[in-house]
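Chain lettering (A, B, C and D) follows the sequence in which the chains are written, and residue indices restart at 1 in each chain.
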Amino acid sequence: MTVRVQREDFDIGAELNALRAGRDDIGALVSFSGLVRGTAKGAPITSMELEHYPGMTEKALTAIEAQAVERWSLQASLIIHRYGLLHPGDQIMMVATASPHRSDAFEAAEFLMDFLKSRAPFWKKEATADGGRWVDAREADEEALRRW
Amino acid sequence: MTVRVQREDFDIGAELNALRAGRDDIGALVSFSGLVRGTAKGAPITSMELEHYPGMTEKALTAIEAQAVERWSLQASLIIHRYGLLHPGDQIMMVATASPHRSDAFEAAEFLMDFLKSRAPFWKKEATADGGRWVDAREADEEALRRW
Amino acid sequence: MDVLYFAWVRERIGLPKERIETGATTVAELVEELKAREERYAVAFSDMSAIRVALDQELSPLDASLDGVREVAFFPPMTGG
Amino acid sequence: MDVLYFAWVRERIGLPKERIETGATTVAELVEELKAREERYAVAFSDMSAIRVALDQELSPLDASLDGVREVAFFPPMTGG
């Protein structure tokens, strides 16, 4: 059960391999990674600045992960979220979940993503040719919380 | 949209990185990997033999993937499934799905797994101290198909 | 036609593949013909609810026609993933 | 107490953090006090449905008490992931 908030990029393969290294009780391993898309509302973006709230970010992510651990049969979990200046194609964040059977890993990963999107203090600002623009929260993201 | 059936192990990180290489339209990347567990029904297993039906396997996986592509907004997808002799902790298979937003990638990955479990011609035989035992199909796996 | 067996069906019948000349028009008729032929087939096919069938590599029901079919396969429920 | 601002709230108010001495007993009272103080606060807090609040790094409602709170943060809905 690990949370990391960092400026640096991460190696998703190394992270997934580390989660299962030296053990043989895991049957299912799910990962999600979020990437910077090159366009926003049809216009190309040149970069994205990710602001966060140091201290609260780690607390919020740890609390979300603890909820997932309580609800599902997880053998391991990982949340990595970057902040700072990113560019199209870059990795923004990842979650990984491990469980004996696939339904727990899948559901827990979706739960982590849904809560992380709307409850962890990150804010995205996209830079386009017209200047910077704060990304609006999506209605669908708030709705996604209701299913849990 | 790729299907590979192979005896060799695979590098999940290299596969995920290859899916997103040279493009910046993907927003969400989901992976699932299935691993050999070291115990079955409480007894330790020493190895697992994965039998398959060459020819039909590739056809079945390709058909399942085509259904996913039709139902969800996928930008890339991958299914790798191994056969032959495996050991506890080994990777058995992986799927990966890429989409602009996370719900498509998550749902398509779950769909691929549900259908692959019950519709692709693979059979697992576990070796224990008491000899070999064919793995029974799980009721839950057949039920999982009904939600789609 | 070629008849293939996988997993415990293969083990019970004792071979992975054989060539069979048959007048059977459906899968069910072919199964009855094989069961009547030898004990090992009767054992393998004793509970057909545990058997899946593919005709030319497509999953098919027991009452499917064998007309034009070149390859029949029998196997237990699949356990991939 | 320390008051922190993030994202466009920070940009509108023009600073990331300040120390404020206040007699306000709830978040809502603190907001009214700040709005009355200067135009830039009035602009940032003109639509409180677009503002989220954290007290000592826990998401909290607008009517929450400030009793014992050391750090208040104002920011727009979060857009991580």
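Simple rule for what comes next: a residue touches a chain if its C-beta (ideal position, glycine included) is under 8 Å from a C-beta of that chain, and two chains touch if they have at least 3 such contacts.
Note that this is a predicted model, so its numbers are computed, not measured.
Asker: So if I look at the partners of subunit A and the partners of subunit D, which chains show up in both lists?
Answerer: Expected: no chain.
Asker: Compute the centre of every chain as the mean of its C-alpha atoms, then state which one is farthest from the centre of subunit A.
Answerer: With centres defined by C-alpha atoms, farthest from subunit A sits C.
Asker: So what's the Cα centroid distance for subunit A and subunit C, whole Å?
Answerer: 48
Asker: I'd like the Å distance between the centres of subunit C and subunit D, where a centre is the mean of that chain's Cα atoms.
Answerer: Comparing mean C-alpha positions, subunit D is 72 Å from subunit C.
Asker: Report the inter-centroid distance (CA atoms only) between subunit B and subunit C in whole Å.
Answerer: Computed value for the inter-centroid distance: 26 Å.
Asker: Which residue numbers or ranges of subunit C touch two or more of the other chains?
Answerer: As it turns out, subunit C has residues touching two or more other chains at 81.
Asker: Touching at least two other chains at once: which residues of subunit A meet that condition?
Answerer: Residue numbers touching two or more other chains: 34, 102, 113.
Asker: Provide the full list of chain pairs in touch.
Answerer: A-B, A-D, B-C
Asker: Of all residues in subunit B, which touch subunit A in the complex?
Answerer: The contact residues of subunit B facing subunit A are 11-14, 16-17, 20, 23-39, 88-89, 100, 102-103, 105-106, 109-110, 113, 140, 144.
Asker: Under the stated contact criterion, what part of subunit C meets subunit B in this complex?
Answerer: Those residues of subunit C that touch subunit B are 4, 6-8, 54, 57-59, 73, 75-81.
Asker: What does subunit B use to touch subunit C in their complex?
Answerer: 34, 50-53, 55-56, 59-60, 81, 92-93, 113, 116-125, 134-137, 142
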